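We just call them A, B, C and D in the order they show up, numbering each chain from 1.
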């Protein structure tokens, strides 16, 4: 099976490597060519443009940053959609919003291309280990065809419903993810400020009923206050934005989700965007070194 | 051991019943006498005033709604603090704020009374089953003495530090609890609005890494949209308020916690305060039946 | 000058009436035909489809609810854009987001049509009195041509910059509008709950330095707790959503704006969407009559 | 008339100077003695302790940072309340919360001392110019007596109601103040990010109906991005906290007010607390120079 793969960031590069390792024939494209080097050494072919990655593909996989990036790759100049042969299958693993997935499904259909939204739940580690979870929206037959490929990259594939429903579930999951991390960060900072030791706090909270299981995976980052990115904070801000957009479209209110979204946005504006989203703990607690000019004031 | 017990709400009545069942001799007081009836049948004695519950006590336990209620019982008219014999031990299991616990410790000390802040983590079910978790602040010797009594009501007793630290940890835990519930409710409502089935959503989310374990216990309430109180929403609003107060005192910011606090407050103002705090799911989604007069408007 | 006018809601119907009154020849279209009746009596012609309103137009004006509505009218089935003669001018007075305005400018340009984004600041009253303020983005020459038409509907026309900049300024203004109203409502509700009389509160606040001037216009609605729509709450929720979207695109954080947005969204979800946006005061304060099933609970 | 004056911060020092200038005989106290030097040169007498400022006073004025500071000065070691002669009048001009004012009124009454809560609306400039506005809670007779003294410091004295009501109104006013400033800052930052020129933005917004009048006084600070304190940001965070507390006590929800509170808290935690509260504009926009270690990441 000939696979085109577009988007070689933290996640995409590892997903593509797993496809190669399982014997899929891969043509890859990325905006920044350097990110492809390791894959080319492992046997992938390089496509200078999105369209070139699509030309011979039976299946095309995209793993891009956001709806704008997917739109550009699919429908922009030398986009891949016009280059896909009728009957081929496009699997979008990017995290986008449900309306966008449905729009892409429609664009694909208009060109005789089948479409699955199959956003990947998981971060760098699971991507590397082939342990992602895919939430899939689309036709059952298309999913059956995509099965071996998705199973090469993940441990679990969930058929959620028609096009857009995979993305919908991903929105919901990441909405919880972002809020759980922010709540944990606030709770830790409050606990520390109240005099509780950080290690004891982590132990108590992570072992208890109020902490989402994934938070245990953030323990070392929080302890060391080093936030090497597995899932960059800026993408969390983006995902929460997409959730807010989806919520607006279906008239759901997200008062707490919006607060989390803006907290991540503020952190990104203060320079934390490239770090892991657990760096929200850093942003909450750390005043920058040589910060604002000290206009002295006092009362009483 | 003679035990005075003040506060027979959802939690306190069950905690007191466990003490009785384990053979402690109990004198109980509650603002509303009717709540004591079952306990009196089980062998407890009635005290008409807080002071009367303290007169013969070796240990006095309080399980009250908030700092104001504790303050009134301890230091108000016929309060118990002046009635406790020097050397006795006061264990406050109420959820209050750390400053208040420290103030009570000082008031107690001033009268020769020893003090433990020992807020109970858990709701109605664990209270009934004697499965609460106690976070204790105070002297190790005092805790040792309190051990058998706390173990009669709970499955686990954690010595967190000096007076105020038990309460501090409880603040932190409930801050996470309230946010996790609100985030879950928003996520479910968004998912439903996006067309995902509620049962499938619950199954996926509760089985995954983004949901705090306690949320599984809310599944039936959410499914049935019936929120019989285990931990009333108004107390969650109160606990988040206390967390905000503690945060202010130690200069910690709680942007997401504050959003959750106000959401619960708004729900309480709309009549959901007496229901379980999982009723935040109800508030987010349900427009009241005969709601505002329909001033018609439209555009386009 | 032949004018096509699409969108006859609260605002559009009054704007179109002013154009008629000043002697412009008008062909109007609205999704719901009934809204056009009064204008037809005053001499306007009816167009069954957007395209029909465009056929003879020298200038086409749109005053629609949101980007989706504008997109549908312009580019949907029998949309007006393909029906406009090259060289004609499209003035979009709708409140949309800057990216959308720029996209429409581009779509127009692609068909040889000139474009101005000219969102109207003001509500029902100013629309009726021809006292709107227009924030215009686009070429100076196009604005000069549009001048007489805009002046027939408003008292002031501000050339902000190129396409998209009129909309940008409108976003910013409505972001302040929505927040000022919400802050005022919260302050009033707090003041009343603290025992301050509503009339005295209104007098003190509206006469002082902390209340935006427009708030005086909401005094009667707040006093009477009747919120006949001048600017429906649901459009405020929409405008704040568009501001959040624009903010995301340019990496600005809106922590307070987002809280206001979600408050309006929640109010809309509870049935207040069709009323004036000052009804946020109603939502904050009024518990619905026969609201949630009373699961009784209490403590102490 | 012998006046004791406690609290010589930004506001208090200027208020005391106006009393001196109008011929009142003044004994002053401040935690930091250095702040009194200028006043001593102008004829004030120094009191080493709060009690010493009260000994000969007919009226005692306090202008302190928060409830804790007032409590310490009044009831702490060598506090002034026990030192005031029966029948004297205590005027608290500090911004505190209504419950606290009522508690102080009660403490005063218990010692035969009369009490007015008379918080001062205005910042450094009006304090210096004797142009403050006082919101007074207490007995009409007491206010009549206090009249000349308050008029020496302010341009307007409003009798709001009984004890606590002056403070209540101040809460409400500052709640609007803090939110208006934060909304303005967000709007400006959004506008700038969208490409609107800052000067034009300021001109348009400040001249329009959506900006509270006081915002014009912040124009120069925002333009220069220099925030010399007139009303330090940390006091705004405190006032919003007190408003949140008062709101909790009377079961009012403040979803937007809480977002503003947390934004100021976050800014304070990042080092902006001593600057004018308009520095929230600085916090929203400025990423610290050599901020977080750049953990590189990217996607696509």
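By definition in this document, contacts are C-beta pairs under 8 Å (C-beta built on N, C-alpha and C of every residue); 3 or more make two chains touch, one makes a residue touch a chain.
This structure is a prediction, so every number in the text was calculated from the model and none was measured.
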item	value
Selected pair, greater C-beta contact count between B-C and C-D	C-D
Distance from chain D to chain C - Cα centre to Cα centre, in angstrom	37
Centroid distance [mean C-alpha coordinates] between chain C and chain B, Å	46
Residues within chain D bordering two or more other chains	247, 251-255, 258-259, 262-263, 266, 269, 284
Overall pattern in which the protein chains touch one another (line/ring/star/complete/other)	complete
Touching residues (chain side chain C, partner chain B) in the complex	6-12, 30-32, 35, 63-65, 69, 226-229, 232, 235, 255, 259, 266, 269-272, 274-276, 279, 282, 284-300
Residues of chain B that touch chain A when the two form their complex	98, 121, 133, 158, 160-161, 165, 168-169, 171-173, 175-177, 179-180, 182-184, 186-191, 193-196, 200-201, 204-205, 208-214, 243, 246-247, 250-260, 262-263, 284
Residue ranges of chain D touching chain B (in the complex, touch as defined)	237-238, 241, 244-245, 247-248, 251-255, 258-259, 261-263, 265-266, 268-269
